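Letters A, B, C and D mark the chains as written, and numbering starts fresh at 1 in each.
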Amino acid sequence: MNRLKNLIMSDGFNHASASVFSILIGLVFGFIILLISNPAQAVDGFIIILKGGFSTGAKGMGQVLYFATPLILTGLSVGFAFKTGLFNIGAPGQFIMGAFAAVYIGVKWTFLPAPWHWIAALLGAAVIGGLWALIPGLLKAYMNVHEVIATIMMNYIGMYLANHMVKVTVYDSKKALSMNVADSAVLPKGGLDYVFYNHLGNTKDMSTVNCGIWIALLIAVVIYIVLNKTTFGYELKACGYNQNASKYAGINEKRNVVLSMVIAGMLAGLGGGLLYLSGANGRRIKVVDVLAVEGFNGIPAALLGLSNPLGIIFSAIFISYITQGGNYLQRLNFVPEVIDIIIACIIYFSAFSLIIRNLISRILKSRREKARTDEAVPAEAQTVAEAEATVDIVTAADTEATAQTEVKEEGSELL
Amino acid sequence: MSLVFLVFQQTMFFSIPLLIVALGGLFTERSGVTNIALDGMMIMGAFTSIFFINQMQDTMSGQTLLIIAILISVVTGMVFSLFHAYAAVNLKADQIISGTALNMFAPAFAIFIARMIQTNGVQQINFNNTFRIGSVPFLGDIPVLGGLFFRNAYITTYIGFAILVLSVIILYKTKFGLRLRACGEHPHAADSVGINVYRMRYAGVIISGGLAGLGGLVFVVPTSTNFNATVSGYGFLALAVMIFGQWKPLRVLFAAFFFGFMKTIASAYSVIPILSTAAIPSDVYKMVPFIATLIVLAFSSKKSQAPKAVGVPYDKGSR
Amino acid sequence: MDYIIEMLHITKEFPGIIANDDITLQLKKGEIHALLGENGAGKSTLMSVLFGMYQPEKGVIKKEGQEVKINNPNDANELGIGMVHQHFKLVHNFTVLQNIILGVETTKNGFLKMDAARERVMELSNQYGLKVNPDALIEDITVGMQQRVEILKMLYRENEILIFDEPTAVLTPQEIEELMKIMKGLREEGKSILFITHKLNEIKAVADRCTVLRKGKYIGTVDVASTSKEEMSEMMVGRKVNFAVDKKDAVPGPIDLEVRDVTVSSKHSSKKAVNHVSFTVRKGEIVCIAGIDGNGQSELVYALTGLTPIESGQILLNGKDITKMNVRSRNLQGMSHIPEDRHKDGLILDYTLTENMILKKYFTPEFQNKGFLKFDAASRYTKKLIEKFDIRSGQGERTQVRSMSGGNQQKAIVAREIDLDPEILIAVQPTRGLDVGAIEYIHQQLVAQRDEGKAVLLISLELDEVMNVSDRILVIYEGEIVADLDPKEITVQELGLYMSGSKRSEVTA
Amino acid sequence: GGGGEKEPVAEDTYEIAMITDIGSIDDKSFNQGTWEGIVAYTEENNITHKYYKPTEQSTDAYLAAIQLAVEGGAKVIVTPGFLFEEPIFLAQDLYEDVTFILIDGNPHNADYSEFRTEKNAVGIVFAEEQSGYLAGYAAVKDGYTKLGFMGGMAVPAVVRYGYGFVQGADAAAAELGINGIDIKYHYTGNFDATPETQTLAASWYAEGTEVIFACGGAVGNSVMSAAEAASAKVIGVDVDQSSESPTVITSAMKGLGAAVQSALGEYYNGTFPGGESLIYAADMDGVKLPMESSKFNTFSQADYDAVFAKLVAGEIKLQKDTDAEDVTKVTVTKSKVTLVE
């Protein structure tokens, strides 16, 4: 009981509930958009969105995890860099370079037997992704080049280079795509084939999900431990917060900046590898001059997950879940971009988490105080207490308002 | 010679929108707010103004239409930027988050609305380009210069240069500029001399929104005949140009033109005598502008001029 | 009454703390009124209320008997109130002139009228003897200059009531003297001054009356001429304070730190920041490097601690050459460093107190096992230091350092560095901006180190500190050591002459 | 598993569905052409219709979109683009009650080892090389001697257009007895309107290129923009693009809409050509130039009819994508083809 209380009062819970709040507000906003665009089907449409991946049963949930896999990794890439004080906007470049490495190894290194082949391909993806981030890392540490601009440049260079390399090495010119990787390079299902499928006639309609999601989850936990439990993470975060003080403490701050970038790049690269090795029916690299959108999608995943590796797992799965819902929305007369608008709103409202967080901690605090004074009150009064608790929310909001008066005074002049 | 004119004119098509948008970014960052939503703001500005052109082109054409479209793009960008300003200034929110949200919102919104209001659920918006000025009277006949600046030109090019000049004047010669810059460097100092930091930051963000919106229109008009809810990531490139230009208008001009020139060379190499014969694949040429920028940056970034307080929400209480 | 400003029964609360609790302050026209109180007593808050930065929950402000409402600095300005803030409010990359006119710019057709402003500033500058170069960038001028700019800002606005919040904490003795003169001059002109300081000497020197605060409460207002320093300090802290540092004679042992002919190049000019400097520090002595700010002290310390490379020379610790070692190795050899700028170098403000306390030890087996941090050990260790060094903060070892007061942040650094049990402790301005209680404590700690047979190298700008604490004084001037003095044998005046470069003696290393 | 939940709005079903390839239904290319065909047929016959967008570009995602369409009540599913070859290969077995019309390809498995079209499916491909041939032929006949080709990406259909264009231009030159037809040939790398493409086109025009065959959806918008500035000409692709810019002299069309309409008509008549691989060439009115809207100087309807008749008669043999590794290997006699990589 006490432990539960501690959990509820903890920062982590507080942060998470702020994210949940923003999700709710975003969804309400989405519903309003549905209402405006097609009032007759708005309710049904909204239900479809909420049902998300479940709309297609077990397979649908498998698909949710499948789409979440690269998102977790690019989210980790962005989030990890954030935690160490860097804004890695270069995930698209690292992602596609990693993808190319994986596909290259997957197609060419057929001399490797089954588990080693895909493992080698994934490692190759991580290494190349890391190398791709090494350059902005070095430029940042030793030449003081802003990492945002360096990674933007590396995105484009990576995109063109990956296109070129695909064309000269592993090109299926009939389809203008990369070749299919060898079967031994395809990620195994990792037991997920027993769970995520639908019946279609007398065949199994399999989900594309594969052991990549296990790998993604594992990596997220590893990153969490590295950041929060190890001296290495301690050093990295120290450099992120204050480079001068890190140097003063004897930490090699330049090396750490480079390492942070490289690890971020490895994560994004691995994401590329996991996506493009996902199976025979999976993705092939399209030789087109467009930045890998999976890389950019890491930014909202990281932000919604508050850059916390465990938070990113949930945010990536959530974004994937709701995107699946959006896909299903096509069955009604809606433009599927509605879902992008909803996600954008959720992200926007999550920017207000500071305020939401304060509000929540006030509510919890006043509830706790209430509980303390109410301890003597008999059980019949429960409902009354609850009604009062609702009132509390209002007063809490009031207190918040007074605390913010200085801000408001200024704000009101503007609005 | 015609090749020189071509390279010059095409450089303008790349550089002017980058210049305008990067100057917008400069205003917001100089006021202390980061704005990674420039891309989204460009899309919104281009969307409404081109939709307007699309609707009105049967009754209007030429420079009048373009100028009204320009106003619309500016206003759209400004209105859209209010969301960022509200989050960043009033709510002291994380500016990266709010910027990311707007970047996601803009293309989705543009497609969504276009499909809702256009017949057949079409998302692309077509327009007729009636805005090109074949040759500016008199000026177009000046040897060399006429060919460079006054033939085959768009009024938006001159607007771009006008914005540059105005930016320099506003930032360095007016009360507003002085105050704006103070807010980006040391908002507490500005506050202590009675400057309303919140209001200045709103101004910075709104100016960036207006310029980004305009930049979106300027980007699309000379290079296409339709708009498809994208500005090809030029908002991010403008951000890069702004950093490249070290938050200073004239250096931003240089950065925009350096990048635009590199882009032009990389796109037009097939008619440039030396380059066309060297059997280098186009993918390599396409990388050149980005690699060149990185190299220049590596040797010019030792001392960063970023506004000190940029990205940090202003909180009176904190110290 | 001829009070120009009255603050009556002012109460100002911050979440969890009453910073000002029913405080009354009355300022007479044409007086210098000192405001005295420990760190966190509420002085800055009270002044911020007067200047319109905060709104009090209770209380009224009157100007010349008339109740006024001060909602923002603009209102204050209109009432003729100006303020030099504890932390200067200057834009670092603006010129002096731009900083002065900021907020009260005059324009013509929308353009700034800089020339007229420049004329006016030069006029004021001459009138009050405040020498400044209007076109210099703030980041290029000394702290003393910056202060002059702040004062000019008030004069430019024709303020009648001038608030100085701890103006002397960052000044050299000469600059302080100059400031005192300026303040007196302003008083002659009929201006009324509120003056915050922790230094009783200064109050004695210039103030007419003094109001004392303690923990947010009003203690009393006294006439300075008829009140002793001891009485005032007792009012301030509620107990007797020992001004002279209690210490036995030093018993210097063998050489601990030896600096041989060290030269450090300057970032700004071709002149060397540190020019062929040689000296030694023995075990069991406190050697102080005295000098006016900007004479190479910071660069010398950065060179000794390995934060910047040196051009030539040698540094030996306990006879071992550490010249080529990095920061970490030097620390492991027994070098501790209390840095000059606690926010820039000394602390990671977003880390908790625990995380900051292990900043130099996290990698040792005490706090780390196979790369994993031992959080329990770390927080036990921090609790121990909190106890031992009386570090006060809201949530104990879990407090985010950013939310701690400056004095307690400094204590935390001192605790960390002393607990490293160093061979040599390099302390740079360790008492900057602290109240007498805290200063007393830190001085005791330095002496205790010495008495344990450790070497201490103290870098200080404050002559009192230099004279009281050190066993030997090295004077640095323009990057060179110009004197090696015994504090018992010289006067403050003499020391000042060495520091200003008007005198030098042969120094043998 | 099992997704057998009751549908929220049962009455909303759509009988004819189209799955878009990545790209929207207004891509100025096969998505758009196909969709227009569907709309024309269904509106005339009052049949419900809808298009679906897959979540990503992969066989699985396309299959999922097909499943979605089936659940949405689709009886006929039209899929434009060769990327549907594998998905339809699988779907034709999975959904035996549903009929598939595959445009631009024929169903086959992942490693091309098995090509199979079931009774509930039909594969339709076009002789793009003939369409390109017509365009190239007409352009040279009309007096243009400096030509350009800008494809989006080197996918088979685009390559066929390109090869045909080169061969057509060369044939016309041979007929006219002129040498020195100059053809620049390039793939831009995407199907989007970009300033890079606009610059490239502008540079070609500046160097003397008179007309560019813009062969890749929105690539055309960039080329037209450059052409308008240079007062030069453009040849459109797939659909009649003359309305998009006055610079478009003609368009190398393929009868996407007609083919779709005809297949749908046959489905409802009960004469669906299930299991077949249809090739829409000149003989089936699968390719053409829109002579009504074309802006030729001298090239007349009669000229067009003559060359078209030869194509119908099979008198003209053309090299296709599978016949030459790249365009420099296409046999030409009177022209100089410069491949810009």
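Here, contacts are C-beta pairs under 8 Å (C-beta built on N, C-alpha and C of every residue); 3 or more make two chains touch, one makes a residue touch a chain.
As the structure is a prediction and not an experimental result, all values here were calculated from the model.
By C-beta contact pairs, the most connected chain pair is A-B. With centres taken as mean Cα positions, chain D sits 38 Å from chain A. Once the centre of each chain is set as its mean CA position, chain A and chain C turn out to be 45 Å apart. Between chain A and chain B the centroid-to-centroid distance comes to 29 Å (mean Cα coordinates, whole Å). Chain C and chain D have centres, each the mean of its CA atoms, that are 76 Å apart.
Counting partner chains per residue, chain D shows two or more touched chains at residues 189, 192, 194, 196. Along chain A, residues 163, 289, 406 each make contact with two or more other chains. Residue positions 121, 281, 283, 286, 316-317 of chain B are each in touch with at least two other chains. Listed by label, the pairs of touching chains are A-B, A-C, A-D, B-C, B-D. Contact residues on chain C toward chain A in their complex (touch as defined above): 15, 54-55, 71, 305, 307, 326-331, 337, 339, 344-351, 355, 359-360, 362-363, 368, 371-373.
Listing the residues of chain C that touch chain B in their complex gives 14, 51, 53, 72-74, 77, 83, 85, 87-94, 98-99, 101-105, 107, 110-112, 153. Across the complex, chain D meets chain B through its residues 24-26, 39, 184, 186, 189, 192-200, 202-204, 206-207, 218, 221-222, 224-225, 228-229, 244-245, 340-341.
Partner chain D is touched in their complex by these residues of chain B: 2-3, 5-6, 9-10, 13-14, 120-124, 126, 128-129, 132, 152, 219, 222-226, 228, 230, 232, 263-264, 266-268, 270-272, 276, 279-283, 286. Across the complex, chain B meets chain A through its residues 36, 83, 87, 89-94, 96-98, 100-102, 104-105, 107-109, 111-112, 115-116, 121, 196-199, 202, 233, 236-237, 239-240, 243-244, 281, 283-284, 286-287, 290-291, 293-294, 297-299, 301-304, 306, 316-317.
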